[in-house]
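What follows is a set of structures for review.
The same subunit A turns up in both complexes below, where it pairs with subunit B and then with subunit C.
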Partner chain A sequence: MKKQQQLYKGSLNAIIMKLLDQNGRMYGYEITQKVKEVTEGEMSLTEGALYPALHKLEADGFLDVELERVDGRVRKYYKLTESGIKETTTKMEELESFIRNMQNIVNLKLT
Partner chain B sequence: MKTLSTDQIQALHAFVKKHYVEYYDVEIELVDHLANDIENQWIEDETLSFDTALERAFKKFGIFGFSDLVSIKEQNLQNHYFKLVGKEIYHFFHWPKIMLTAAIFYILLLVIRYASIYIDLESLYVITLWTVIIGSFAFMISLALRIKKENKATHKKWLINRVQLSIISTPIILFQAFLGFMSRVAKQSDWLCAGLLLILGLWVYTTYFVVLPIIKREKQQTLNKLINL
Partner chain C sequence: MKTLSTNQVKQIEDFLITQYNIKYQDTRDEVIDHIACEIEELMTSGYEYRTAFQVTFDKWNKHLRPHSWIRYNDIPTYLARQWFKRDIMSVLLAMTIGLGFPYLFKDLIEKYSLANIIGGSICLANILLGAFLLTSYFGSKGYRVNQLKKDTIGCAAISLFFYTMFIGNFTYKLLPLPVIMMLYQIYYIAEIRKTKSYKPL
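Moving on to the complex of A and B:
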């Protein structure tokens, strides 16, 4: 489990951007819960890793922010910008290529 | 579903502030996160006290709590605007702006050569650089006072304001660093001095007249979003 966590840390931005691509807009806590739900609790996105990643993507212009008042408090929603959508495609291609290469290495048969 | 009361939300704001988050733009996001976590815990166990649920929610932020988040966000924002300054300066060395840059460089060179007939170049550079340093410093102080007044009126501090001050202080640091060097090479190479003055001038122009308005606009956009809530 811990080793899996380490592996997916490197793909954090790609995961966040893919989730936003699929769900339109999301807030921080929702993203942590979605990762838990999708991986059936196998992986958890820590708060200490999520927010710096979100803020970096926002500063880089890949995410835009919407503020809304919900249940008496202000909620900050993140959504992909135009450049964020393009970056998501690039990041997913990189990730898929990485996974494919890893599979090839893992499935390598010694002849 | 059990939800947080207004008093409990206020308690969360106080809690976040108490844990070294002094900026409202960071505070609102953390308050909502803690609130969601607490409400989620109440789905599992409605009898759980607010304090226990809050303690559990806060523990998930790790041993450094919120302090890391604030410093990383500040660093990210600073890097973002520094990159903008760099990008703008870069344009001055590429077509078509390079023509303008070349013209400014040539004018600077002529001014230096003409001025050297009448005054000592070392003194000229020292006076020029100190004038800009003092001017920039005065501008920074006036901005800091305006921010302070704004914070007092709204009872809120904004991280973007802190970043704004860091960005506009960079030309001052750069000028001080160049001051000693230019005094040493003043009589050796007017080309080098014209080049250094050009870079410093571009840095000041980009920081104060290109990036600073962008920061102000982005800050206003955030404020407008909050006002409209």
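Moving on to the complex of A and C:
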């Protein structure tokens, strides 16, 4: 599991952007739970990795923030901007190509 | 799903302030909601509020305590970690260019007596860049903004000192420091432009 976390690390931004693309807007805790749910607990997104990634995506102009008062506290919702949507498509293509290449290497048969 | 009372949310906020000195609202709001959600989840699975509070803060401790490097000694680790590499790289790059530039162009600087013009103008530019950054982000608050504002004041002050001490007597050997300060100022402006203003609800 620990070794797998290292493999996921390089795709963190792509994972976050894909989730936001699918769900419209999400808050930090919701993102961590969604990742856990989708990967059936195989991958856990720590707060220490999530928030720096969200801040960077926001600084790069790929995310917008909406504040809302929920249950007596302020909730920060993140959603993709126009450029964020385009970037998600690019990132997904890159990720799919990477996965294809990895599969080709893993399935390589010596003749 | 159990929900925390307003009083319990206030307790989380107070703990963040007293225990971790989280002084800026944007960071506090972000962390309070996440911690509250985790406590609620634990309470739903049968934990008492006090125990859930303890378990959640034990987990968050490594992210909330101040970063170990002196430059970030009042900034939560999870925030400082994202700047650490960039800041180190910028220092190394500024040092390399700053130290290399005057020596590379030593002959040219001496032949045309450019040291005073270059040294004086760079020092003045550093002071102006500092003033520009401070006035542009006067009302902005946040860990990164405040750190960059302090840094830019430092660079401007060193440049002012250099200007008053050495104007008229600059040689190429005195140029590295103003050049390094100028590169820092450019980096600080680039970094502060990435920060977002926060309007609390």
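Following the convention adopted for this analysis, the second predicted complex is superposed on the first by the 111 of 111 C-alpha atoms of A that agree within 3 Å, B and C clash if a C-alpha of one lies under 4 Å from a C-alpha of the other, contacts with A are read in each partner's own complex, and residues count from 1 in each chain.
The rule is short, and it goes like this: a contact is a pair of C-beta atoms (placed from the backbone, for glycine too) under 8 Å apart; a residue touches a chain by one contact, two chains touch by 3 or more.
Remember, it's a predicted structure, so these values are computed and weren't measured experimentally.
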item	value
Overlay on subunit A: subunit C relative to subunit B, clash or fit	clash
Partner chain(s) touched by A:Glu66 [first = subunit B, second = subunit C, both, neither]	first
Contacts of A:Lys56 with subunit B and subunit C, given as first, second, both or neither	both
Partner chain in contact with A:Gly41 - subunit B first, subunit C second, else both or neither	neither
Subunit C-contacting residues of subunit A that also contact subunit B	27-29, 47-48, 51-52, 55-56, 58-59, 65, 67-76
List of subunit A residues in touch with subunit B within their complex	27-30, 33, 46-48, 51-52, 55-56, 58-60, 65-76
Subunit C-touching residues of subunit A, taken from the complex the two chains share	27-29, 47-48, 51-52, 55-56, 58-59, 65, 67-76
Complex contacts: residues of subunit B adjacent to subunit A	3-4, 6, 9, 12, 28-29, 31-33, 35-37, 40, 60-62, 64, 68-69, 72-73, 76-77, 79-80, 222, 225-226, 229
Residue ranges of subunit C in contact with subunit A within the complex	3-6, 9, 29-30, 32-34, 36-38, 60, 62-63, 77-79, 81-82, 194-196, 199-201
